[in-house]
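Look at the two complexes coming up: subunit A is in both, with subunit B in one and subunit C in the other.
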Partner chain A sequence: MYGVHNLMFFFVVVYHVFPPELVESDEEFQQSLADALVDETDFTVNVRLAKSLPLPVENEESRPRIDLVVFIINLTSELSFQSTEASLKYLDPGYFLGKVCFMATNARNASVPTERLDAVRKLAASLHCPLLFAEDQTPDGVANATERLLTILKVAAGLVPMATPLYLSNLTRCTVPLDIDQPSFD
Partner chain B sequence: MAANQSASGSSDSESPSLFDSSSQPAPNSRSFNRSVRVAEKERRKNEAEDPFVLALKFFSDVEAGTPAFGNDNLERNLVLVERVAYSKGLSPEAISVMLEFAMSLRMGTSPCVRVLKCLVPASVVPQEAVVRAMVWLGVCKIPASTQVLFIKWVLTIFDMIDAKDQLRAIYGFIFSFVTEEYLCPFVCHLLYLLTRKESVRHFRVQKLLELQSKLGRQPFLLHLLSLYKVFCPEYVTLSIPSRMKSGFRNHNSPWKSALIAVQRRNGSQIASSASLPSTIKDKTSSRKRKHYHLELPVLCSQVNKQAQTEPSLGRKLVPLVQLSSFTQLLDHMHRIELPAQMGSLLGSSLALQYLDCVQDEFALLRLNFWLGYALHEEFLFCGDGRASNSEEALQFLDKLLSTQHFLQESFSSTEVFLYKFLSVWDGSLLRPQILSLLSNIPVVPSSQIGRLLFEPLMQLFFTSSLFFKCGLIECLNSMLLKWLVWHSVYALEDDLDISLNSHTSVNMTLSGFKDSVMELVHFVGRLASVGLQLEGGHSLLLSFILDFYETVCDTFLKYGLPLIVMFPPGVFFPALLSPDPVSVDRLAYIMYRYKVNLTSAKNQEKGTEQAFHINRQTFREFNHYLVVMVSCLWNSRMFHSGMGVELGEELLLKSNVPQYSKSFDLVHHPAFLSYAVDFHHKCWPERKDLDLDSIKQSKPWSWYLEYLHNQGYDGLKQIVPAP
Partner chain C sequence: MGKRDVQICFRFGSGTPDMERHRSSGARTPLNSALVQRRSRSKSYRLSYRSCLGAASRLGLTPALTARRLNTSRRAPKSHNISEKVSVEQLALLLKKEWKLSYVTPLYRFRHTQMRGYSRQLSAFIAAEKHQGLAVDVEAAQGSFRASFSVIQGMTETDDDAETILIQIHSKSSFPGQDEPQRALWSGWLTCVYGNPEYLNSLPKDFTCLPLFCSSGSEVLTNAVKSWFQLTFDCCFGPLEISHTSLQWLVALWTNCHAECNIQHLKMIWSVPVVPPLQITYTVDGQDAWELWNSLRRDPQEEGEGGKDEEAGSNIDIMEVERFMQGLKGHFYRHFRLDLSAGSLKQVSTALGLAKCNGRMKISNSKYMIATLTLLTECALLKMPM
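Here is the complex of A and B:
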């Protein structure tokens, strides 16, 4: 569809390794997502994984252009959210013009406090970034998450004519937390 | 174990039967009796050596005041019971014994929690045991947390209690616990499940209101009050919001997974030992195949046998389960007794017919409560984070969908569930079912529609694949269709006021309804314009969008809604310039239907005084589109000023396209070029070189139009009739 574009995509995954039993599933999701993204055949996707920002100073010179930064937040862990919040500070403001997106997992888990979900929504809304929800437990869920990230990626990398990253980000950005429970229908 | 169960089942869960005329099962011969006795003896002998039976004996015989700490006997027996409980579940007698042991605090409070946690019933729970335990709750000094645990347990196994009449008899006693602040939410939930019209008393309402003023507007109090209000509106003057926070929280977590595991393992046994006489044939067969926790409960009566067979009780209620035909339903319509588990209504078409005819508010409230609970538990907040894409979840939603299809309306609990689910949906989990449920929701007030529907959908739409985009447009199209059909059915002509969907009690004025429809159409217009832009005008997406506008353009004539909304340029131009002839033709058809609708609306406007007023802007938009379409396709005047698509003269010259204004007429349009070439060959077979311009001469032109019409492009024919 797009021929062979040798585009570089840089994909930062921020998550925190806590509690210990979650490590495996989190890393698994991160890895399977990365694998699926690299398998994309229309164009080349490079994925970089990181556990937090800032990135190490070492290869700074040779580092490719970053087209999209994705923060994966595991909602069952408070630290995952905290480390995302802490990492955001190190991101250049320019990225917030359509090159950042949040992906939350485990949103349907009963153990997730509503306050945390609200906090994540508020965070994404305050930065005018999209917040996607993903089902990381099933292969279908991972495939779908990959597909949605690629959709955003294509626009963020400028592959879609007449659409800019900011345009899409503005269309899909997270809005203020929903409060459906409030009785307001009358 | 199985033998033990079935023997106990016959005494404990004696089920109401259609053919039972006497309270005693008539023994037909003595030899039968003897064989029963022999079998019983045999069983006892076997059981005497069974360590589990011995363990139960220990718990039933243990003296009050025996120390629990360091008691090896207790430890050994308890481990044994726990093992059986978690593997096979406990029989009704075992439940009685263990519950009695725990609640009487015979060995102090410490083993009590442990015993309660392992009370996983294999089949049913005897009502007497629960009643006794309730009594202990009032007598003993049980720690608060254990009391809560007990009530939670009762709530979890509520549907497995074999009868509820005695529990209802001690309604007042249970009610007295609402004053305990820590117990209140759970007791309210239990009362909610037990309440009948007789239970609603003025002083109870007073008590709840008093509590509410003390504790604030707690959802559990509101839910119970709303139920009281349904039964006795004269007692509860409080205004209850029509949509409430899900009142009773999930508290079956300690037992749920164990219960599911046990039920799965014993699936067939339970089905046979419970052996409820179901007159709905297809249910029984499916019941035997699988016994999943999500499966709809079998329709069964809520009063036990004694109550039913004694006519002296006065209220001769006919349980739904005893009815087998529609005529019977009609005969007993005024004294139908609802089943214990409202979920079972979904599986029975007779029950649904009853629900549809009677519009019983109580039944709907209970059904909605059950459904909201089930949906919330199973799909929104599955405790262990397991994927709910399983077969049973699919079946459950399909069943729900077919019920809604049957009733032709949605349940308010589904609606509330959907709004919540959409906000955390990944766009792929159970997509077909979720989109179908979504298309069923009743009209959403225009003040809410953006927040509840459009915001989550917009984000999902623009970040998801082309197929999701198509699916969502299709879903919104069928949603609009249903709204329009509701309107044409429920609209009252005299005051132009419609009451939509009697169950959700959302009354809407005509202008409110129009606003909602307009919001929906505009929303799809936005999705369509930007979606086409992002997908490069994909013809599959375009086709779904044109489907939607085929509904929109006919709102006035087909559905009698005085509202006409035009499509945005972002839809018109991609369709007009589409390389696909079908899209162009469908666009022409839609334009033709708009024209018919607008003309007839205008005639009506002239004829009657109070007819609706169409915005002049709509006429202007339509005329503009029509002019663009005709001058582009027929008159070869593309790119002229005022055509919508305006390009600079120099730019057009630079493109090196000769006679660019002709490039989108019916001959040169990319969608029709192949037809023009074909026509050229047919018309002038002897010509060697292609001169498409010759088609534009007056005679061949009319032949060409005729030729296009013969290819099936009727839309084009309707917009400019052949000369």
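Here is the complex of A and C:
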């Protein structure tokens, strides 16, 4: 069995670019998610948060291996999706073989237009990556999201026998319903 | 920590630099090719998927209306002298009031000829509810309630739409001899404007579709009326919110009317997710908004359409709406370094009306109300559980 001291690095990326005097409130979810992940006792999980890619060049050499990159998209904000798309270009293609995951929050919010949700699903489906939906307002929601992320993370880090990240992503990848390109209403 | 409120009013410079920038960013990208590209990509994607279909696709989503999305292109609103067709008193009841929106599923065996009967039944129902201990305002507690149903003729445009129904609840005052023109305690109306003809024709014969329900008055009475409808016509009510895309459409549609009817100002309220919560009120002068809108509409069309100016001018596409919003947000960013895309649009208002994302709206001018109601009817039909 694998020892207790296996290290996994887990990247959580969040996007908003505000003028420096404004403090973002979305960071709460990322923070609580990160805290919950670090609390995991079987393995040591290191979480790094970033606002966008590419990562700063300074500590390139000393940076440990990254097991999973999670893009958190807040569906109520257009900017979230746009910056995710922009950051994807900076990610090495090797990651897309099972080491990238999308997490969407606020999907149930009524002000979210269906087109945005469609666009996120199409993006995740075209990259063959899983798309998770998380509820970030309650501690239960965060715990739920953490659990599901850990499942993917364990496989991505190679800690589950007989399962490789590519295999798992094949099973869990986002699919787009066949009629998603339906003609518009009239 | 309290909320911070920021009010910003803008007058765009009358010079051309803003316009030039918008024109050049106004995307020479021909609209069609992007669409074609997307389709072909997804088709090949679907083919490769057939071998390992995801579970979701196999669950067979009913293709009917669940997969449909809001129209991507709309007719530009024309000034409608609706007071020619609808009586002025009835119109006055609808205008200048803030309504809370809900969607309603089709009504079973609803007859436009039985208004009196329905009035009596609803009054009796409310009296019974009150007997059972329904909480009421102190002032109305003395008298009982009198409901009245009426049909508002002339609001429908096509034969498929059912006529609009207006419901009012007055309090029967215990003092006879009071002046008759009393204000209604509660009013509500059901309407269907330019509903999707395919859907309307697919309904079985006994069903009447009036998907948009607007109510104004105490919550208690609203619930009583809804319960009565649910019991009598086997229908279902639900809250109707106005999504971000619909609010954007209203921004564009209302600004488009400026040529014929001065919208005075375009006011948008955005909420930005920071700590403490920040609400930004962004007001643009009506004339400036219209010039920006106009400059975005003319350019690509002259290039692509050639001589089809007349028809092209009457159709507004979602891409133009998005470009318009992008222009407004870009202007804001240039001044404040804050990208409004990071926040969410909560409210839109012009001299023609007001719309909030939580499902409240107000119509201030009857001339363009058909266009607004068409959009809202579409939202209601899409939100309705099929």
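We adopt the following convention: the second predicted complex is superposed on the first by the 164 of 186 C-alpha atoms of A that agree within 3 Å, B and C clash if a C-alpha of one lies under 4 Å from a C-alpha of the other, contacts with A are read in each partner's own complex, and residues count from 1 in each chain.
By our rule, contacts are C-beta pairs under 8 Å (C-beta built on N, C-alpha and C of every residue); 3 or more make two chains touch, one makes a residue touch a chain.
If you're wondering where the values come from, they're calculated on a predicted model, not measured in any experiment.
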Just subunit B (first), just subunit C (second), both, or neither: which does A:175 touch? both
Contact-wise, after the overlay, does A:114 reach subunit B, subunit C, both or neither (first, second, both, neither)? second
When the two structures are overlaid on chain A, which partner does A:56 contact: first (subunit B), second (subunit C), both, or neither? neither
Just to be sure I read the superposition right, which of the two partners does A:93 touch: subunit B = first, subunit C = second, or both, or neither? neither
Once chain A of both complexes is superposed, is A:151 in touch with subunit B (first), subunit C (second), both, or neither? first
Which superposed partner A:141 touches (first subunit B, second subunit C, both, neither): first
Where does A:76 make contact in the superposed view: on subunit B (first), on subunit C (second), on both, or on neither? both
Find the residues of subunit A that appear in the contact set with subunit B and again in the contact set with subunit C. 76, 110-111, 173-175, 178, 180-181, 183-186
Which of the residues in subunit B end up touching subunit A in this complex? 239, 241-246, 250, 253, 379-383, 385-387, 389, 416, 419-420, 423-429, 445, 448, 451-452, 455-456, 458-459, 462-465, 506, 530, 533-534, 536
Enumerate the contact residues on subunit A facing subunit C in the complex. 16-19, 22-26, 74, 76-80, 82, 110-116, 118, 122, 125-126, 170, 173-186
Subunit A partner, complex, touching residues on subunit C are 38-39, 41-42, 45-46, 49, 52-57, 61, 63, 67-73, 196, 239, 241-246, 272-275, 277-278, 336-339, 341-346, 357-359, 378, 381-382
The answer for subunit A against subunit B in the complex is residues 76, 106-111, 117, 130-135, 137-138, 140-141, 143-145, 147-148, 151-152, 155, 160-163, 168, 171-175, 178, 180-181, 183-186
